[in-house]
Amino acid sequence: MPEITVIEAVRAALREEMERDPTVFMLGEDIGKRGGVFLATDGLIEQFGEERVIDTPLAEASIGGIALGAAVNGMRPVAEIEFADFIWPAVNQIIGEAARVRYGTHGRRTAPLVLRVPYGGGVRGGLFHSQSIEVAFAHQPGLKVVAPATPYDAKGLLKSAIRDDDPVIFLEHKRTYRLVKGDVPDGEYTVPIGVAEVKRAGSDVTVVSYGLVLHYCLEAAATLAEEGIDVEVVDLRTLRPLDTDTVLASVRKTSKAMIVHEDTKAGGIGGEIAAVIAEYAFEDLDAPVMRVAGPEVPAMPFSPLLEAEFMPSPEKIAAAIRKLAAY
Amino acid sequence: MTDADLLEMYRTMVLSRTLDQRIWQMNRQGRAAIVASAQGHEAAQVGAIRALDPERDRFYIYYRELTTMLALGITPLELLLGFLAKDGEPLSGARQFPLHGAIDRSRRDIVSFSNVVATQLLQAVGVALADKMRGEKRVTVAYFGDGASSMGETHEAMNFASIHHLPVIFFCENNKYATSVPLSRQMNIESIAARADGYGMPGIEIDGFDPVAVYEAVGAAAIRALSGDGPTLVEAVVERFLPHTSDDDDTRYRPPEELEDIRKFDPIPAMEKLLRSSGALDDALDDEIKGSAQKIVNQATEDAENAPFPEPHDFYEQVYAPGSPGDQS
Amino acid sequence: MPEITVIEAVRAALREEMERDPTVFMLGEDIGKRGGVFLATDGLIEQFGEERVIDTPLAEASIGGIALGAAVNGMRPVAEIEFADFIWPAVNQIIGEAARVRYGTHGRRTAPLVLRVPYGGGVRGGLFHSQSIEVAFAHQPGLKVVAPATPYDAKGLLKSAIRDDDPVIFLEHKRTYRLVKGDVPDGEYTVPIGVAEVKRAGSDVTVVSYGLVLHYCLEAAATLAEEGIDVEVVDLRTLRPLDTDTVLASVRKTSKAMIVHEDTKAGGIGGEIAAVIAEYAFEDLDAPVMRVAGPEVPAMPFSPLLEAEFMPSPEKIAAAIRKLAAY
Amino acid sequence: MTDADLLEMYRTMVLSRTLDQRIWQMNRQGRAAIVASAQGHEAAQVGAIRALDPERDRFYIYYRELTTMLALGITPLELLLGFLAKDGEPLSGARQFPLHGAIDRSRRDIVSFSNVVATQLLQAVGVALADKMRGEKRVTVAYFGDGASSMGETHEAMNFASIHHLPVIFFCENNKYATSVPLSRQMNIESIAARADGYGMPGIEIDGFDPVAVYEAVGAAAIRALSGDGPTLVEAVVERFLPHTSDDDDTRYRPPEELEDIRKFDPIPAMEKLLRSSGALDDALDDEIKGSAQKIVNQATEDAENAPFPEPHDFYEQVYAPGSPGDQS
């Protein structure tokens, strides 16, 4: 099994799906000769031509709305939003329209589109190149929202997303693109949407996370193992629909739960997970459900010390788990 | 255009007007929740469809397209089921407002997902892009009002369609009002068609009371689209004879003289006169056309009123694909 | 104290604030001679002229962006989004920009604007005239989000919102406009942003809610009182910043908590409230934290039986409280 | 325009180029995180400011406005502090990318909140609306690139400004690329100025390498704005001499011939030649201008490098108004 990066996994999934299915095509800004600003589509225009790898004008509403129209008309568009921060002009077409097409036509039309969205911080992106935008989408029934953390999951989930018959928001954490490496088999495989995975088994505390900071949770768990605290780390992988079974099974085992995400806390995904635990695992809980998340400021600042202040880190996470374990 | 063509257009216009009046009346009696009337738009809508192929082409309509729907073969009963939110409604299973949803594609490609103004334009462009990619020769018509011309998405749709020479007709029914806001507060120009230049496509302004003029303009646009030359903006200038919807009161913002003026010319009697003067229509035929419209609408009204409301048994269906993650049905 | 409706309270607040402060002006679709589709601005153009009551083109991004520009340049715009369902084209300017102006300029510019947003269902509005849109906004630091349920609160909070130096999303539930009546003093008063209110004191169960369904909770509480269940009903009134003190004080007293909202459940505001309770009132809880909320469908259907299936009702709420009380 | 005016423009252009080269070099050495260069845009930017009043007018810029900033009196040191994200940076307290945030209003009304392309246009229109409501006679200039012309918000901004005759200048620096996407994939027209017609305002395309032409066009637009006649779209055609930003590699998408071609004409040597031929510039003066630019930039570099990064002590400040609900500072 070759070891590759997250961005390589994304690129491989795109290429293989375009080879497999002629209705798959790509649209977005700078995805052609430029190969995408993160090089996710590097080489695709050379292989598939500019008919199937379309450089759009600088217009995100277009990317959302045209992908939607093409999806309704039998294609499987994979659209790229250059940075998650620029997705807002597209939400009218995604949250307002794509999510409701199937329901609002009683199944007479469907929208099998994928919106790939590089998101997240820790990349010196400042206020407008670091955003976490999952909440607005994960709240909308009709959408599926996927957020892989590893190359294996990125490739397998992107293939599932492209083959899915509903609109999928595919969140790629920018900082993982080149940082996170992992084994990925050469052959064909998919990872199912809607299924979380225990990335590390443990008995003392359950930590639920996703994306970049999932890796920080694993780092923290490794540190704490040396201190005798045995942490189970659950990777959500999909944010809608949530795999509450896996989360609850873990909490029932450990009796202590913490949710960790980079996005700001109030109203973040962590609230939903905590609520599910507080409702369905109440009798099993030995301690308050705790959250580690981004601070209540509008976005991540640019200057290095300010950015560090925003980001959850393995140390911050370990400190919080220590407290919970000691409760 | 033959007399037979003109007569068929006249028949559809009369049917549309008859049905429209019935629905408005039912709303006033508390029997239909909300209605947007097509009265004043009939000539433009019927003329446009005449120039297109209902089986070949794709229709991204908006809420004021009652005549378009009839011209495309959707029946008065089906439409009335929608206005009454009854079971058997063919667009959305009565989940949506009247005229919203989509017709089974096997029958017609008519789509109007949403009430959100102008969203259909970008979607129509995406639809046409897919046709072009597959090499299918079809026209996609994106219908919209003058109000929709102000939305940013409209700009983006026209720009993209023109860059890629897509087979789209942007069909604007300019009735000079976005609800209560007159053209003068919507734009600092006289004609929306004038915007076409800025996208590198042809734009034409026509009298939307003249179905033949509309037919010709749309026909030329269809030829252009099918030849791979790209989109056209067709602006049909019409009047909105009634308030914006049944929830509106146009006397709040339209001066009494204006309200009187706009009713002075009505495309349906005008068409009648034209057909009579050419000898294509006489009293007997006119009576038949009007009488049969009345009969059809009466029967449809009765049937629609007798139909049940849909029960929530399939409430959770079609949120996600059957069997797919998240499916609760 | 005269009894007035919610829409009258809104209109009175707008008129009084425009009289008080010449920098207050209004913009939106059909707010001029039409008086707004709900008549919230009825009479204002006659009193203040079309310079201060501006009918915009049909363009929500404009409403958001122009309000923002005017606010940055010393005015206090009060913008109306005709229906919440049409707010998505404006979020680029509101969530992306207005929320970050103060932070991103380190206080060199501010955005004292109000966005009035009629929202919610139960009005036969179907998929696109019934939406609850609070989640995306309540999650964004830099914004304040207010959602009054009564005429008194509507008037007092709208005045506070207009005088506030930060961008405020002011959510008006459409069904309350004419349905809900209440006493409102003639003279000047304000209701503070960020402060919840116990609308009914009780000792057995805490129910946290806001908007239209707050009234349904009160109805349910009245029914249950006859059955000997004493329900405390907390009206959040502000969704950001949350008044967690009032919520927690109530839960510490009753030991049982339920959150009720019309918006769909997964990722709704209820998750955040439940998480706060599960973290900070854990030791006080005698039962799982429960939620009653809209179902996981993309939006509220139009046909009457379908709409009823979506909406929380006093009966559904009472049934859920009965279960919780019996736990 | 006098020789003194031309000389001052030349001085600013030289300073801008010197500083720009330094910043680019610092990025290449890993000392500056991200840089968007103004090289190729200097003449257009300096010409525009020359026609405006820095104290009276309002400037809604975007990220490529290094020359504009210098022409408005922001110092090289201040700008370098921004590029290095250092304490004392005058726009955002180093919370933002270089050139993003706002200058204290008491000094200049320069605003560039965000990296999100085209958002500044609607905001500029709102700013101008406020000025008009208060009867203040000021021009608001909204700067944008060719790429931004595709965004829906740009359409809406121009439309609203024209309806209300607002004192706005839409100043487009068309460098023919939105990152890697050439004009031909952005629009099916040759000139962005041609869109102005569709809004009922004047549009003018000018050579952005000619600062005097830009000065004249912007001057005329300013007179129109101040007279209450409304907005103007000014399109200055320029070249982007360097990749989109320091993160970009333009050889991936620009043919080698094109990359060679665009450097053949450079407005700064052209200006030097012009001034020399009129006798306004000689070797001594030119040496002074270039030498002093070098000295200023060297000193600023040293000072900026020695400045500390801001500590997070005020991290929670300015989320909300001090003392207001939600304030955590």
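For reference, chains read A, B, C and D in written order, and residue numbers begin at 1 within each chain.
We adopt the following convention: a residue touches a chain if its C-beta (ideal position, glycine included) is under 8 Å from a C-beta of that chain, and two chains touch if they have at least 3 such contacts.
Keep in mind that what you see is a predicted model, and the values were worked out from it rather than measured.
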Pair with more cross-chain C-beta pairs in contact, given A-B and A-D: A-B
Most remote chain, CA-based centroid, reference being chain A: B
Geometric centre distance via CA averages, chain D-chain C, whole Å: 41
Where chain A and chain D are represented by their mean Cα positions, the distance between them in whole Å: 36
Chain B and chain D, separation of their C-alpha mean positions in angstrom: 46
Multi-partner residues of chain C (at least 2 other chains): 56-57, 59, 61-62, 85, 88-89, 92, 96, 100, 103-104, 127-128, 141-142, 240-241, 296-298
Sites on chain B at which at least two other chains make contact: 92, 95-96, 100, 114, 116, 150-153, 156, 159, 163, 185-187, 319, 326
Of chain B, residues touching chain C in the complex: 33-34, 85-86, 92, 94-97, 100, 114-118, 147-148, 150-153, 178-181, 185-187, 247-248, 252-253, 309-312, 315-316, 319, 326, 328
Of all residues in chain C, those that touch chain A in their complex: 61, 85, 88-89, 91-92, 95-96, 99-100, 103-104, 127-128, 135-136, 138-142, 240-242, 264, 266-275, 277-280, 282-283, 285, 287-291, 296-299
Contact set on chain C toward chain B in their complex: 29-30, 32-35, 37, 55-59, 61-62, 85-86, 88-89, 124, 126-129, 295-298, 301-306, 308-310
Residue numbers on chain D that touch chain B, as the complex places them: 150-156, 159, 162-163, 184-189, 194-195, 197-201, 230
Interfacial residue positions of chain B with respect to chain A in the complex: 58, 91-93, 95-96, 100-105, 111, 113-114, 116, 119, 121-131, 133-134, 152-153, 156-157, 159-160, 163, 317-321, 324-326
